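Think of it as A, B, C and D in the order they're written, each chain with its own count starting at 1.
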Amino acid sequence: MINKIVDSMAEAVAGLQDGAAIMISGFGDAGAPAELIEAVIAQGATDLTIISNNAGAGEVGIAALMKAKRVRKVICSFPRQNGSHHFEARYRAGEVELELVPQGNLACRIEAAGAGLGAVYTPTGYGTLLAEGKETREIDGRHYVLEYPIHADFALVKARAADRWGNLVYRKVARNFGPIMARAARTTVVQVAEIVELGALDPETIVTPGIFVNRVVLSSAPATA
Amino acid sequence: MQRMDRTALAARVARDIPEGAYVNLGIGAPTMVANYLPQDKEVFLQSENGLLGMGPAPAEADIDWELINAGKQPVTLLAGGSFFHHGDSFAMMRGGHIDICVLGAFQVSVHGDLANWHTGAPDAVPAVGGAMDLAIGARQVFVMMDLLTKAGESKLVEKCTYPLTGLACVSRVYSDVAVFSVGPEGARVIEMVPDMTLEELRGMTGLPLEMA
Amino acid sequence: MINKIVDSMAEAVAGLQDGAAIMISGFGDAGAPAELIEAVIAQGATDLTIISNNAGAGEVGIAALMKAKRVRKVICSFPRQNGSHHFEARYRAGEVELELVPQGNLACRIEAAGAGLGAVYTPTGYGTLLAEGKETREIDGRHYVLEYPIHADFALVKARAADRWGNLVYRKVARNFGPIMARAARTTVVQVAEIVELGALDPETIVTPGIFVNRVVLSSAPATA
Amino acid sequence: MQRMDRTALAARVARDIPEGAYVNLGIGAPTMVANYLPQDKEVFLQSENGLLGMGPAPAEADIDWELINAGKQPVTLLAGGSFFHHGDSFAMMRGGHIDICVLGAFQVSVHGDLANWHTGAPDAVPAVGGAMDLAIGARQVFVMMDLLTKAGESKLVEKCTYPLTGLACVSRVYSDVAVFSVGPEGARVIEMVPDMTLEELRGMTGLPLEMA
């Protein structure tokens, strides 16, 4: 019997290596897997590359990873926001490298990784600072930038519910990067508010089929209604 | 001269959004456009963090932090709305499925180049978000901005000096004193606030403006 | 009030021009919009390019379009099957051009069109007859073929249910190409077994948001349970 | 010499599929592998037309023509199964998420090149379906085939003469008389049916085979 549910947050992030690339779902706080990130801090891996929309704000989540000096590089679209002082301090000190990627290119590079594409031509960013030095091409009269897939060793994802095969459903806009990150990592770990029996999720409405999920762990935070 | 304030400007932009349009409103002042869309017409608001059919802000008691817009403000979902992931959300934009997006700007060039993501200050921590995707993805890009900076410099320019967000992507500029079309043929004045003159606009912008 | 529901199959395909490129959902019969195809035959447009997984079998659907000599070109992955005699006859007579595309490249080229990408590097087909003459590139030690998006003037799609905004849900494997074709056409027309009130579809489980749909028409065929 | 018939061969392939594997079974003989997967182990069957967690054929009364496999045969869905569109289905394959796929073949080369989609006959109407995507997408590609054609020619070859489906993609060949590994170091014999000898296999294939 296949059971992807693990008993603890520690087990969920076991095997994470120093130098790993980690995708972290979330747009602001919505969909951010705070407990899994706490577990990464406890686990001890360092020199990490974080792939996420933001670079952390306040004192928890990615900000806590920054504060703990575990991050070598951030690939994200929007690092500067209210409360992003831990990122900014590390960045200004030259301790953290930043690869700034337009949000839609971040999404499509993650999608390309999950879908096994070698590279894609995207129109976003053409003619801007963020495409400097990148290969470009004119196709049917429009200009495109060649962008490469972003793969990760781990994806940390927050979902609403899962079954033991790792099938996932999400909640409202907390869905955001979860489904595409789940596909792009070697090991996908999901923090959920609820674990349900196999067969309880409608096969028509499963958003992430279990094939993209390796480990599921129940969150101790109360489920949102 | 009677300038339009932000609310008047938001109402003016709203008048140019037809029923049935799929619209993305940028963070900040553009978000206010939603308040002036006519109640009896259906306009579809998309938010790049994964929802279509966005409704107004909820009552305090109904705030749900998993139902927010791109500016991370609580919103609601209309009947008929839907949720989707970031890949699908940006496919909507990049694939030309959004009819109109409304954005703020530091500068817009007469040919429609947009600068709205980076001041170019060397010590600034850069952040881009979805600005570049919106700029090149939406079928029409409307910019809402004051015509002049606080220092009195025109933000409608022959050529942007700030780092670009997108090339030749803006079609209209709604400013506090006039509405402009911009594009391959340069800038034209569509309308002005009462008491404004073409001559005065030329003086403010340093551009050889004509009426559209 | 926005109401994308039209009253007849004829209205659903109105405006289709000679020479148009039409995407047609379906994998075999599952998900094939048979009534919309009948309406195209009645409407009269000819010299069509059909983009679909198959090239028709038996006497209805795409096969009927073939029989009626309305098709100039087929872009598909699997034209040869039991009952594909109408396609085969036209093809052998040199009346129909065939662009054979591996099924996953067909899917990802349709996806690229819907997502506004200029081209993608796909590993599928590298080193085979179907990549002859195409640009290739080695990326990170793997070989890829450059494939361009496939756009269409019309997409004819079958779904289970829709509301007046054009939100769609599908049924079982009849989903297949519907969601990706709906995004890649200038005009997307959907044949559904059921029309529901706005708000009746769960926003978490809508598969195709209405932004991708232009017209919805109720099928006269009985809904499958 | 006791050749394996199709059912014995399907059972043999099934033995090499571990619990928890995500597996795509090609059209034709490979489909039979499903019948020999142990009932007490969970193996996930994917079908490229948009389902994961495929179950056995339904009873006649339960046939649903919107629940079919890639070979267009009625199937069932297990509890825990899911449906998805073609884009997602082929992302599963191309993205390396399928552990094993089992395919038929016209020819396999000692280095793992696969020819299974086209006889090369000039008058044939070509059809490829998902063969090329499966060939290069799955982490391991198993081929199930008779070692010899009806005319007695080896289908395990130094170099394919039929049009290729994919390069260097097959890892194992399960034939009626022997199981081979193929790949960068050439073909090796993993096992033979009783009474078969290496010498005889060399004769049948014309290849300098050795045991693995």
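Note that contacts are C-beta pairs under 8 Å (C-beta built on N, C-alpha and C of every residue); 3 or more make two chains touch, one makes a residue touch a chain.
Just so it is clear, the model here is predicted, and its values are computed rather than measured.
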What are the mutual neighbours of chain B and chain C in this structure? A
Shortest path length from chain A to chain C (each step joins two touching chains): 1
Could you state the distance in Å from the CA-based centre of chain A to that of chain B? 29
With centres defined as the mean C-alpha position, give me the chain A-chain D separation in Å. 35
CA centroid of chain B to CA centroid of chain D, Å: 54
Which parts of chain B, given as residue numbers and ranges, touch two or more other chains? 51, 77, 83-84, 90-91, 93-94, 137
Pull out every residue in chain A that's touching 2 or more other chains. 108, 111, 115-117, 122-123, 170-172, 204
Those chain pairs that satisfy the touch definition: A-B, A-C, A-D, B-C, C-D
So in the complex, which bits of chain C are touching chain B? 1-2, 111, 113-117, 163-165, 167, 183, 198-199, 201, 203-204, 206, 209-212
With touch defined as at the start, can you tell me which chain C residues reach chain A in the complex? 108, 112, 115-123, 137, 139-140, 142, 144, 148, 169-172, 202, 204-205
Within their complex, state which residues of chain C touch chain D. 27-31, 53, 77-81, 84, 87-88, 91-92, 98, 100-105, 107-108, 110-111, 122-130, 143, 170-180, 207, 224
Along chain B, where are the residues that touch chain A in the complex? 47-51, 64-68, 72, 77, 83-87, 89-91, 93-94, 118, 124-133, 136-137, 163-167
For the complex, give me every residue of chain B touching chain C. 19-20, 22, 42, 44, 46, 51-53, 77, 79-84, 88, 90-98, 137
